[in-house]
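Just passing along the structure, written as structure tokens.
Labels run A, B, C, D, E and F following the written order; every chain starts at residue 1.
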Amino acid sequence: MDTGHTAWLLTCSALVLFMTPGLALFYGGMVRGRNVLAMLMKNYVAMGVVTVTWIVIGYSLAFSGDAGGLGLIGDLEFFALGELGFGTEIGLDDGEGYPDSVFLVFQLMFAIITPALISGAIAERMKFTSWVVFIAIWSIVVYAPMAHWVWGGGFIGSTDGTEIPGVGAIDFAGGLVVHINAGAAALALVLVLGPRLGWRSEIIRPHSLPLTVLGAGILWFGWFGFNAGSALAADGAAANAFLTTQIAAGVAALAWVLSEQVMHGRPTTLGFASGIVAGLVAITPAAGFVSPLWAGVIGLAAGVICFAALQLKFRFNFDDSLDVVAVHMVGGIVGALLLGLFAEAAIGGVDGAFFGAAEQFLRQVISIVIAVVFSFVATYVIAIIIDRTMGLRVSEDEERRGLDITLHEEQGYVLTE
Amino acid sequence: MKMIIAYINPFRLNEIRDALREAGVTGLSAGNIQGFGRQAGHTETYRGAEYEVEFLPKVRIEVLVDDSLAPTVISTIEETARTGSIGDGKIAVLPLEDVVRIRTGERGVDAL
Amino acid sequence: MDTGHTAWLLTCSALVLFMTPGLALFYGGMVRGRNVLAMLMKNYVAMGVVTVTWIVIGYSLAFSGDAGGLGLIGDLEFFALGELGFGTEIGLDDGEGYPDSVFLVFQLMFAIITPALISGAIAERMKFTSWVVFIAIWSIVVYAPMAHWVWGGGFIGSTDGTEIPGVGAIDFAGGLVVHINAGAAALALVLVLGPRLGWRSEIIRPHSLPLTVLGAGILWFGWFGFNAGSALAADGAAANAFLTTQIAAGVAALAWVLSEQVMHGRPTTLGFASGIVAGLVAITPAAGFVSPLWAGVIGLAAGVICFAALQLKFRFNFDDSLDVVAVHMVGGIVGALLLGLFAEAAIGGVDGAFFGAAEQFLRQVISIVIAVVFSFVATYVIAIIIDRTMGLRVSEDEERRGLDITLHEEQGYVLTE
Amino acid sequence: MDTGHTAWLLTCSALVLFMTPGLALFYGGMVRGRNVLAMLMKNYVAMGVVTVTWIVIGYSLAFSGDAGGLGLIGDLEFFALGELGFGTEIGLDDGEGYPDSVFLVFQLMFAIITPALISGAIAERMKFTSWVVFIAIWSIVVYAPMAHWVWGGGFIGSTDGTEIPGVGAIDFAGGLVVHINAGAAALALVLVLGPRLGWRSEIIRPHSLPLTVLGAGILWFGWFGFNAGSALAADGAAANAFLTTQIAAGVAALAWVLSEQVMHGRPTTLGFASGIVAGLVAITPAAGFVSPLWAGVIGLAAGVICFAALQLKFRFNFDDSLDVVAVHMVGGIVGALLLGLFAEAAIGGVDGAFFGAAEQFLRQVISIVIAVVFSFVATYVIAIIIDRTMGLRVSEDEERRGLDITLHEEQGYVLTE
Amino acid sequence: MKMIIAYINPFRLNEIRDALREAGVTGLSAGNIQGFGRQAGHTETYRGAEYEVEFLPKVRIEVLVDDSLAPTVISTIEETARTGSIGDGKIAVLPLEDVVRIRTGERGVDAL
Amino acid sequence: MKMIIAYINPFRLNEIRDALREAGVTGLSAGNIQGFGRQAGHTETYRGAEYEVEFLPKVRIEVLVDDSLAPTVISTIEETARTGSIGDGKIAVLPLEDVVRIRTGERGVDAL
């Protein structure tokens, strides 16, 4: 075991856990004051629910040996952590330079934040209980298989060794598994859920942008754990991922506010915060595969394209309330595609089209299509089932009075007592 | 001249403003209040302690108008604010002796 | 010296320091708006006061060699850091894989947050100066001895080697030293201080739950330093403690809101945040001694029992304003007891009753009784003395106008200028 | 390569990045509610702008080989990262125990926060576009040379080896480069910009001290990365820097509120938060050179002297809105001077006057004078040029309506919808 | 009919509401205000700069009542709001010409 | 007696208070409102969606005065609040039937 690697991955796990509170604030600041707690809660609860689903079954589906060599799903060797659950220390196997349990917990943090990302789309109108059921199912049925396909020895990440022909796509820290997955799921869920009362007719403003801005800051901070931790070592690859992450985030934020300046005449704080996240999303799949200046190009593309993608929901009339599709699905696609161009074997072992391997671009395209279609369809089915059984949506009266009071019997702020 | 005060549901404010503008009103002032009335409040629960909160968030609007416009203002508010459920609120009409526009010093109806 | 261990422990020290601001927000959001600064201040000031008391004498009382071999108190070898104070670098001794000064500073962070925890109980009515005096004394007279007894070679942690018969209790990261200690002290202090004006007659609501929720997120993040850092190494033990911490926190939060759902019909955001903390508290003594699924059981117990314990203050009529007793004392006891059942030698070197060592449960019981009694009595005496001399409480008029204006001449929020 | 060092420096880089959001909150809470977003934005934008300037040219000017051996400026070997930019992994050179790219990114975080520090001085009245242009220029023309002089082999840090006679001053983590530099620049900028409308005639109060207090907490947390990371290793030097940082911050905060108590009869929360920052600033140049108790003395001096320095702006009538001069310039000077007295070769390799090397004090004095004069003059010139061309200041009407609406078309808070 | 306005100490609000309800009042509206009067304000200190803040947080309540109930309302507020110290506040009585209940369109006393 | 209400720009509040005090007024109450009038609102933009926000932050002050002082109060507010640009606000004068000082029970002019 290497104590340096272990120290770094423990630190990264903590950083990635911290991203979920950061995301909660990022989203929470953008909703109206009467829904702030409901928004925070929909994020925080993922830290409870997914911890349980992951420990019980998700980790096993994603990362224990491939069941039947099909490349489709993990076997159940680690169901309830398997022999590691009750009564045997999980922490001492050091096959890869750090204890197994570090990998388990690092991956758990990814499994938590992915469904939390979706919550931005359904803000201000979804029932809490239905949300809990949704993320429990989704984390097992959608997230775990996708993680297996891409990272767990499944058919997307592999080129061979699986019964299904391997796609051979690469995804450093979760462009497919986390962002495209969450973004496509958000779209499906929103289509079933329908728009908020007053969408496009009333002024619906963020109630506290300082919260949102703080959330973006925490996300940036935590994202170093997400991306540089995905090197699974404290080494040059981690350092490169760290640097590319920083560059993409900074450039994307600038690109976003510049786009605003051009289109609306004013750079906004929310735009800067959004650009940070767009850049972080886009560099996620690429962080360990591209060199620093190409990361800047990815950031630039993410800032401009995600900003433009904000119009999608107005064009196609779906109330993706906090723009999960525009930022995470589109941002993830930007990164996963450009990676197919800019990846370079000297950095991360794989060349992209610019460095002579045009087929890598194709692999990325195929993987994106699979991820979008699978996530969208599976989520749509889950959403319909929950809608028909428990109902997805609060009543009109509850929506109007606000979810904080009606779902949680609390008020976000009582500033004048 | 009259001062017309209405206690309304917050989510009707923008529509009422638009309706009043169409009816010829050139200004109004709105503030947040806590309303107590027939409409039931709600329960809040913090760490197991339940509180009955009897006040509801409402908006209070205040419009200074010429006598001739007053009936229109009242009926406009009535129609736009009405949802038909309890808590739609009330309108009060007070006599107004004088108005001054600060910028110009105009008085009375001219100041409106 | 091992750079990996050193890196990890430095990181953990920073994380534990960050818990005190997190705690400040957690508490600060729960008080009324006119007392928010006074609440924040009572936490932050611990970062100043205890830094001084710890450097001057606390560390020496707790962790320099046992005075006279009685197992009662440290000698004064490190008074004012001893030879390490002025003029000799403290950082280069690497006896245990990391510099001595890392251990000193890591332990300092624990010494800071423990009295800060107490501040939740005395919210909205205690004088600031008296609080400063209280924590200065308490950190020396109550905290340092307790730390010595449990961790510094004293009679609670040892089975032999001390004149006093050793109890042989185990406490991984501070169930006794930190949480039970703070909780029992909170109870004593509150009994001397009396309830807030309007307690049980007026509506006293949290003024900003988003602050509280953010605080809980920071606490969760920082607690990885607290618990996994207590392995004092970047190794499998740290990884296990990290994983058990995550599981207990997640499960306890779910258990708490489920209890709320059953008892009141609504899960609350404050409940989820409280459940997080309860789970973290309960796993603290156990983190390095139990396996992952048993950590889930501890979390479950903590969520349900701490939620139920909220009623204690109404039953026995003491205004423990932010429930330090229910969360920290009761939560700490839950963890310290269950540890006596679930501990397993394969994990942390000690077996509990379930693994054949029934006497360990007894040891835990005895240690809890000692901790509660000592902390309660000593704190009560300190509180009475301060009350008789400087007075503990602000005037009625000050309490009504709010402590921010009256004690600190500031306002928390001026949002409309 | 040493994985422990690498893990620690990656962690520290993330911590230092996180300081900028912390600083944004620290400042953002202190302005009026109608300017909060503009304040946050002026900080956050540094994370975008300086990332670009640093990668393109700043790093090269500061840290590639000295151009011509004059000790004045770096050569352009790393312009746009040189051969490391597109297409060659930057992370694998492990000459010094960690990848080069780690050093690059760690230093980038310093280059970001330094201009962000200045933003406190120009709060509530400076144009956003002018600010962006200002920090872009300043980071290249003022920051990079200063970093080169002190840390990059230039004439301030060296005693010989440069054509210009070396000053031989020491600066562990940026007393000269960061704090005195930012403080002197703040003064220059404010003199060109002029005071806010209503300064000294109206009540201008912080709109949300909880934000400020949280910001101070994040700063404290992140500062461990700043100071202990500046050891560039996970070793005893880092541990010593960590400990001295903690002590100075705690003592300075206490000293500040004690001064308040004496002068105004009330300790304030803002005072405690300010004292924290003052202590952190003052220990920055000294952290790796002095022993723990001397760090306490530095903290004490910083708390008292920076508090007193608040009066400077009233005495000399410049509206340094959030006291960048009093906290950063004065605090930095306190630390850089006392370091000349208390430094000790056994700790950091250099003796100060108290340990027999009186000339070190002189060296510190000279370095401070150079830093203040250079930064002040260069900044003044930049400010004048921007003022004459784009204008530095918003219109009176914009200032009165608030910068959030007028510059960014957003509102910080919409709490009642 | 009358509109009765009272400026009171915030911490008396709930008791006044309960007392008024008992006295037969079916509704009221309350808002936060800053009050300036004989009661002294306070000092605030930020980084060594001291400010005299002359405004104090008060609550303004507004009750629409029938003439017959007005004296009871006034005396109820008086008794419940009084603590005997300066700053207890004031009650103002204004003539009220008309009231409308928005939900039903009722007017005058029926609307109360 | 009169109740004088003024809708003013927030940044004039302290000066108006000082001027009124000098003019002999012993108390006033101020609250935050959203004003709609001839003065244009502003645009807000959130993620590319532009909103016209027609309400502007204003302060509403309320002064209870004796008839004899009323003209002075009106002219004092007028002069102090005026900046000459649109949005300076309005003053309304209402008849006031009675005033009670809660602390002492004094009534009418004595209560002011």
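In the analysis below, contacts are C-beta pairs under 8 Å (C-beta built on N, C-alpha and C of every residue); 3 or more make two chains touch, one makes a residue touch a chain.
Everything numeric in this text was worked out from a predicted model, so none of it was measured.
Asker: Based on which chains touch which, give the shortest step count from chain D to chain F.
Answerer: Minimum step count, chain D to chain F: 1.
Asker: Under the touch criterion given at the top, what is the topological distance in steps from chain A to chain F?
Answerer: Step count on the best path from chain A to chain F: 1.
Asker: Any idea if chain A and chain D meet via the same residues, over half in common, or different ones?
Answerer: different
Asker: When the contact pairs of B-C are compared by residue number, which of D-F, A-F or C-F has over half in common?
Answerer: A-F
Asker: With chain centres defined as C-alpha means, what is the inter-centre distance between chain D and chain E in Å?
Answerer: Whole-Å distance between the two chain centres: 51.
Asker: Take the average of all CA coordinates in chain B, do the same for chain E, and state the distance between these two points in whole angstrom.
Answerer: 17
Asker: Could you check chain A for residues that touch two or more other chains and list them?
Answerer: 2-5, 7-8, 11, 203, 205-206, 208, 264, 266, 268, 270, 409-411, 413, 415-417 - these are the residues of chain A that touch more than one other chain.
Asker: Mind pulling the chain F residues that touch 2 or more other chains?
Answerer: Counting only residues that touch two or more other chains, chain F contributes 31-32, 44-46, 50, 94-95.
Asker: Classify the inter-chain contact topology: is it line, ring, star, complete, or other?
Answerer: Basically all the chains touch each other, so complete.
Asker: Using the touch definition up top, name the residues of chain F that touch chain A in the complex.
Answerer: Going through chain F, the ones touching chain A are 44-51, 53.
Asker: Within the complex, which stretch of chain E touches chain F?
Answerer: For this pair, the touching residues of chain E are 2, 6-8, 31-38, 54-55, 58, 60, 74, 77-78, 81-95.
Asker: Mind pulling up the chain A residues that touch chain C in the complex?
Answerer: Where chain A meets chain C, its residues are 1-8, 10-11, 13-14, 17-18, 20-22, 24-25, 28, 36-38, 40-41, 44-45, 47-52, 55, 80-81, 84-94, 98-99, 101-102, 104-105, 108, 128, 208, 211, 404, 407-417.
Asker: State the interface residues of chain B toward chain F in the complex, per the touch definition above.
Answerer: Of all residues in chain B, those touching chain F are 3, 17, 26-31, 62, 64, 94-103, 105, 111.
Asker: Quick check: in the complex, which residue numbers of chain C touch chain E?
Answerer: The touching residues are 198, 202-203, 400-401, 405-406, 409-411.
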